[in-house]
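Each in structure tokens, the structures are laid out below.
Next come two complexes built around subunit A: one with subunit B, the other with subunit C.
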Partner chain A sequence: MENHERVGKDYEVTAEGNGTKVILMPCSGIGKVHGLIAREATYAVTDGLAPEGSETLCLALLVSGDEEAQAKIRKADCIAIDGCPKLCAAKNVEMAGGKVIRSIRVVDAFKDHRGAEPGTATTLADDGWTIAREIAADIAGCICAGTGEVK
Partner chain B sequence: MKRAVLPCNGLDKQHGVLARELALRLMETQGAEVICPVLLNNSPARYEKALAEAPLLVIDGCPTRCASKLATKLGLRVDDKLLVSEQAKAAGLDVGESLRPGPVGMQLVDVMEAGLASVEEPVVGEEPSASFESPTDYLTVTYDKFVFKIPGKDYLFNENDCWVRVIGDRARVGVSDFVQQSMTDIVYFEPAEVGRKIEQFDEIGSLESGKSMMDALSPVSGRIVAVNAQLADSPELVNEDPYGKGWIAEIELSDFDSDKGLLLNADSYSKVVEKKAAEAQH
Partner chain C sequence: MADGEVKVGIISCSGEEIPEGTISRLATRRVLELMRPGNTVTICLPLFLAGNEAEQEFARKHPTITVDGCDKLCAKKGTEKYSGPVSAALVVSDILNGECACCARSAKDRSEKDKEAVWMVSEEIAKAVDAILAENDGCGASENGGDGAECACSKPIPGIEVQVDGKSVTIAGLGMIFDHLAESGLAADGSSGDKLLETVRIYHQIEPEEEDDYKAALISAYKTHRRQ
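Coming up: the complex of A and B.
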């Protein structure tokens, strides 16, 4: 929990949001460190780097056929953040009729971090946090704060 | 037998986050197999064996019950269910609004875990055999600036650049030095499922680098009894030691005498590498 607490100081995570923002959709990613990085990168943007321009949506809610979630995804631009090459997030957003304006893969970030020790499926190590922050900064850099538009 | 656990995605609601935390806790303490709800929805076959053999616990965070809906949609047999929001109410614990589990949230996870005793002794994949040591003698194929190493004895190869080393009725398999040099830095490894029966040339895992992807094809038939778990966190081991620490899977052989007919020794495989290296340059 030490690492969670450290990041929490930078950006407090809440469950608020509205329907006009860019939707960041991380894969479910449970059981793998790549998925955890996708999730943390998402939280870092929605609750720290660009809260005015972004929000997130539960992918399982979308694939379970929730009508409200599907209506929401069809109205907003979406950035998919997938842990692995299976691209569960990007594929399911598109299947639900959403528009994926960027598809980000965590495995690609590892190409610049050869030999990195990211941690485990439950806890990120320093290298994992570094990669999550880089992905978050990349995403936030293309979201115009306050408008939900993408540069 | 270990338990299979299907949690909700747990991303944007505090009780969902705790559903996920509980699933991961059970993975760590009871050896439970955690089932990713979205991957399950996309590729049910991925979890076919686990769902057939292990009792299934479904954990929902909130009354929307996404995980339960998914289980119903796929016709899964559910052995136990748990709704985190109900558990919180029953325990009198207010976990707050934060999506990062705080002390009260983790207390609730402790309470829920305590109520879920291990079903039986967990079963894990067989231990990898310690008998397979890295080779010391190599043939080399030199092409342009590249030098490809090929173990000179005990190893056989298929034309898909995968090797096999056999000790008794068990084989260890992996990809060749030619593969790792051609792919450059390998950043991701997806293992095959332990316990699956395979035919010769069936997929035994996939690799991805910044340059390309590759499905490794088994040189032998049999049953996968172990996979190299280290590759999940350290796929670069394939680059560093393709014939040793970068092994992919261990297989209990079923028909090696027949499989051998389609395999190459080091001398023959060196000619395949020479040809492929030349083709890659043109």
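Coming up: the complex of A and C.
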């Protein structure tokens, strides 16, 4: 099976903790609020909940073929956070040779928030921040701070 | 889309690692939503670069502006690889002259510096949009737009009508200017007159002899706007 065909499927957590930080890769989709939620959830982890065990990388840099970015993503475990079912982040990480240990879809988080008013692609409203924090907590919960290991 | 209508594509790098990426994203959104809503569309860069045919087709057919956060120029290089030369390539770090060290990546850490940065970059994007529309004779074409958008250079954004010395004057974009100044902490009282005048005259011609009348009109309109 090609790597990109696995995207969106269940992933086994296989990281063994090689000292590298887990790379969180949001899609940052510019057209919908879901992309902004993915982006803010990422920052909530990398800048707040698990800064020692996680970091982010420019998806555009990776997708544009930057060798340094591709080398980095191949060494680390990656958690993709996509706004919509097109899964641009997860697909592009795998196409670059990276290992997606979790593929999170923001749209799925809305199932627990029927009728939520998350804001816009520019600004999150309270519901949007709530969803972002929940996704962030979920991600941080599986990153062992300080080691980059995933549990 | 009506025949002949020119829509400018704006592709933001939205780089996650650096504040300039956040600024590129927000400035692009600002142009799309507030400044040139009828004449611009955006494209998700990762989707575009990953080979979505519809998105790549758009960039081949329409003039495109790229907005990159840094000199790695991911948006520009990626767009040109798939769609040919872009019409304009803006770089946030160049526009801000490197003065974005204290800007934030996340909205929760956003400060006045960030808002100013977004404001400045969005102004540059809007200028680039206008230049492209002028080159493409977009004025006439856009009037027939399916979404009711008006020409970017004759009436770029909705205005607010104010009373200046008994005369009604519509100032384009005044609501947006008020919102920006309110976010900057400008008080809605008589002390705001100079700042209001200074900002508004960037976009709207005000003769020296009209300054006092405009100042009074703007203070009044600003107070009303803040109450709404």
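One rule holds in what follows: the second predicted complex is superposed on the first by the 132 of 151 C-alpha atoms of A that agree within 3 Å, B and C clash if a C-alpha of one lies under 4 Å from a C-alpha of the other, contacts with A are read in each partner's own complex, and residues count from 1 in each chain.
To be clear about the criterion, a residue touches a chain if its C-beta (ideal position, glycine included) is under 8 Å from a C-beta of that chain, and two chains touch if they have at least 3 such contacts.
The structure displayed is predicted, hence computed values, not measured ones.
Contacts of A:Lys91 after superposition on the shared chain: both subunit B and subunit C are touched. Greater residue coverage of subunit A by touch, when subunit B is weighed against subunit C, goes to B. In the superposition on chain A, A:Arg114 contacts subunit B only, with no contact to subunit C. Using the contact criterion defined above for the overlaid structures, shared-chain residue A:Leu57 touches subunit B and also reaches subunit C. Judged by the touch definition given at the top, the superposed model places A:Asp66 against both subunit B and subunit C. When both complexes are overlaid on chain A, the residue A:Gly29 reaches subunit B and subunit C alike.
Residue contacts after overlaying the shared chain place A:Ala137 against neither subunit B nor subunit C. Touch criterion met: A:Leu124 reaches subunit C, while subunit B stays clear of it.
Looking at the shared chain after the overlay, A:Glu40 reaches subunit C, while subunit B stays out of its contact range. Subunit A residues 26-31, 35, 39, 42-43, 47, 56-61, 63-64, 66, 86, 88-89, 91-92, 120-122 lie at the interface with subunit B in one structure and with subunit C in the other. Contact residues on subunit B toward subunit A in their complex (touch as defined above): 7-14, 16, 20, 23-24, 27-28, 34, 36-39, 41-43, 64, 66-67, 69-70, 73, 97-101, 106, 185, 187-188, 190, 208-210, 213, 232-234, 236. Across the complex, subunit C is touched by residues 25-31, 35-36, 39-40, 42-44, 47, 56-61, 63-64, 66, 86, 88-89, 91-92, 95, 120-124, 129 of subunit A.
Of all the residues in subunit A, the ones that touch subunit B in their complex are 1, 4, 8, 12-15, 17, 26-35, 39, 42-43, 47, 56-61, 63-66, 84-86, 88-89, 91-92, 107-108, 110-111, 114-115, 117-118, 120-122. The part of subunit C that touches subunit A in the complex is made up of residues 12-18, 21-22, 25-26, 28-30, 33, 42-47, 49-50, 52, 72, 74-75, 77-78, 105-109.
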